[in-house]
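In the two complexes that follow, chain A is the common piece, with chain B as its partner first and chain C second.
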Partner chain A sequence: MLPSSSYQPNYFSIEDILATQERTPCKFLQDVPRMGKLNPSAEEKDLKVGTELELPLWLVLDGAAGRQLILAPELPKIYREAYREILKADATAIDLHKFNLYFYELGSYIKHFDRRGDVHNILLHTFTTRFRLIMDLANNADSDPTIQNKLDTLERRLFKDGHNARMKLNTWLLESGIPLKAASMVDNHRKRKRVNEELV
Partner chain B sequence: MFAEKACSLIKELSRCEEGLPPYNIELVKEVCTEIKQLHEQNKEDGAIVANESEIAGNVNPLYPTLRIGSAAVKRNIRCLLAYHYNRLRTLRTMRWQFGSILPPDIKTNLSSDEIDWFSKYSSCLGKYMRSIGEDGLNLCLDLRPPKSLYIEVKCLIDYGKFELSDGTVLLLKKDSRHYLPRSECEELITQGVFHHIV
Partner chain C sequence: MDPDEVEFLGEKSMIEIVPTFNSAPIYFIGGDVGPFRASIPLRVPLWVAVHLKQQQQCKIIPPDWMDLEKLENLKEEEKSNRSFIKMPSEHYIVEAKLILGCAADDIPRTDEIRTIIKDIWDIRKSKLRSSMDQMIKKSAMYAAVDNLTLMEINSIRPLLPHALEQIYRIKSNKRAILNRTQGSVTTPSNATGSFTN
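Coming up: the complex of A and B.
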């Protein structure tokens, strides 16, 4: 049921680490001695069976794997029925950034907690509906800059890559010879320095 | 909560996309202590579980505690490794963009090991570039196909003296314009000294 312990997309991925840090509700199936501090609202030393907590996803994944289950994961509220209905109605109107910064990354873990596959379907539905919007944005970025703030991390990356590619194509079409430019890090470094100098 | 500190290291990194935050030696040390403590605790629990399960034959009540403890250690190590690895990757990109000498304000953000690594990487790269072909090949040049041998550039900062490969010495002042062989000034453009005028 759960994905094996391999890391997606790789062990060092910053985004994956941050996505697995998100809190997920779960219920303990066993007594866990000396882990009372996981539950900030209780002062007992041991964690009792049946305690419901919100724990980081990496801990939940580990506890719900293997032969002996320590805890049973539940769906975070943004993947539950009510929110799924909102997404089904019109995914393009939603501020996904407010739902969760890592909506898709988190979702791809969460979908294994849902046996009926509803979460799986809603992730796919959300992405395919919103993809046209992102593509449109990337090609005409000047239209409305605030709309960018409604994208989650994955979408934002897609937007940025698409936008850069479009810009490159435009300069190539317009002036064929590409001028030599300062490296992007150098450029940013200089801009930041200028800001600092102004502050002083 | 476990691994909270380790995760804040990663958050620091993710906040500056291009560039490096100061190396957070204190937090790294704290994470190391947390790992050590957890490891000690796990070793004790592990010994108990191993001993008792032989006698009783059924599942030990400490087993879940041990599982959670070891998950926390794994998580901490992952964050710590990812922190260092991603910093090195940025540093490597910096070698290609800034050249072999880093601006001083970036250098202050590095740990001494990272400075070491940078100079080693730099010299490895230099050695490799000298070894290509008969008299070496500068891989930092001609990243884009050249259209002409000479280009016009404007100097953006007071750089000082600059010697061309034929021996002529130029004085590069702010806002001065030059008409130079492309191969001579490409690196200075990448480093932000020149601006290419089309």
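Coming up: the complex of A and C.
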């Protein structure tokens, strides 16, 4: 059973297309003839060296590749130092959906613009710290359905898969005439006592 | 895997019954069952037992471990132990559900047994959850899953494997562009490792 979230970008992947249309700031290293139209603030026919523009990522990727570099990409603001600090402080508190719909997808492109690997580390850090959040959500999603709005697309898919599996298991546990259940007294506690706090 | 598929696998485990009828052996692809002699106990696959029980043609003798005292001990041990302890049966949850579901009258103190098995299940699930979280947080390379039963392993699918796969993607996502921006022509493999860790 191949997992549905085994996602590898390819030419026709809608998600990849959507992720790569994010505006990415970049600076031109060469004059580009007849491309003045890309710069809406200038009337000239050619793009001058040193122009700073925000272009979609798919264009930037090609411009920043090859033997002759046409432009130098910069990090979009959500991957810059200030935002990285926020993520480092507490990644679980963040509305990643507002940051970017494709935080991780975009991040894995963007991180190549960052030589020091900070972006790479923050992606990993964000994912690993938020995993608990996703897992807990998937296990008890009925408590607050709006909370999944804080997840980015990739996390949301993980959540959905996890949630479906969880629901199946719950139905299975309940479907026999006499379900396996915890003592009613335990259920009546608003919160179940942890068995042994440091063990579990 | 669906829980139902796990149940199907669990139904193959053997259980002792006391039939109330006589019959020649029944030949199945998976093996022969019988012969049945009234009130002579014999071992049959769980699914046969459940089927016969539903037709009121046998009494199910609960497995040794389905005993309140033993389960109490098991629960205490599970509580005090940091790792998972060995369960008496690879499919304890399936067996418990099926047997308690259809043969409640053959087992003394069904309600208490049902409750305690659910407690054990819950304790193990919460252990499983915290160890999953730790594993992801520490980016551990592997985890020992000794003594986990099939249903428990199945309960963390597909979340854990998918999450690990995404971590792998984040870690290994080196594209050829990296080399190209450096202006040198290198094989993609040369680029890996520069950012990891």
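Everything that follows uses one rule, which is that the second predicted complex is superposed on the first by the 167 of 200 C-alpha atoms of A that agree within 3 Å, B and C clash if a C-alpha of one lies under 4 Å from a C-alpha of the other, contacts with A are read in each partner's own complex, and residues count from 1 in each chain.
Keep this in mind: a residue touches a chain if its C-beta (ideal position, glycine included) is under 8 Å from a C-beta of that chain, and two chains touch if they have at least 3 such contacts.
Keep in mind it's a predicted model, so treat the numbers as computed, not measured.
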item	value
Contact breadth on chain A, by residue count: chain C or chain B	C
Partner chain(s) touched by A:137 [first = chain B, second = chain C, both, neither]	neither
First, second, both or neither for A:56, with chain B first and chain C second	first
Which superposed partner A:123 touches (first chain B, second chain C, both, neither)	second
First (chain B), second (chain C), both or neither touched by A:75	neither
Chain B versus chain C as contact partner of A:173, first or second or both or neither	second
First, second, both or neither for A:104, with chain B first and chain C second	second
Chain B versus chain C as contact partner of A:31, first or second or both or neither	first
Interface residues of chain A shared between complexes with chain B and chain C	7, 66, 177-178, 180-183, 186, 192
Touching residues (chain side chain C, partner chain A) in the complex	1-4, 7, 79-82, 93, 96-98, 100-101, 104, 114-115, 117-119, 121-123, 126-127, 129-130, 132-133, 136-137, 139, 154-155, 157-159, 161-163, 165-167, 169-171, 173-175, 177-178, 180-181, 183, 194-196
Residues of chain B defined as touching chain A within the complex	1-3, 7, 10-11, 13-14, 18-19, 59, 61-65, 67-68, 71-72, 74-75, 78-79, 81-82, 85-86, 93-94, 96-98, 103, 105-106, 144, 147, 151, 186, 189-192, 195-198
Residues of chain A that touch chain C when the two form their complex	1, 3, 5-8, 61, 64-67, 69, 104, 107-109, 111-113, 117, 120, 123-124, 127-129, 131-132, 134-135, 138-139, 154, 158, 161-162, 165-166, 168-169, 171-173, 176-178, 180-183, 186, 192, 194-196, 199-200
In the complex, chain A residues that touch chain B	7, 11-15, 17-18, 21, 30-35, 38, 56, 58-59, 62-63, 66, 68, 70, 175, 177-190, 192-193
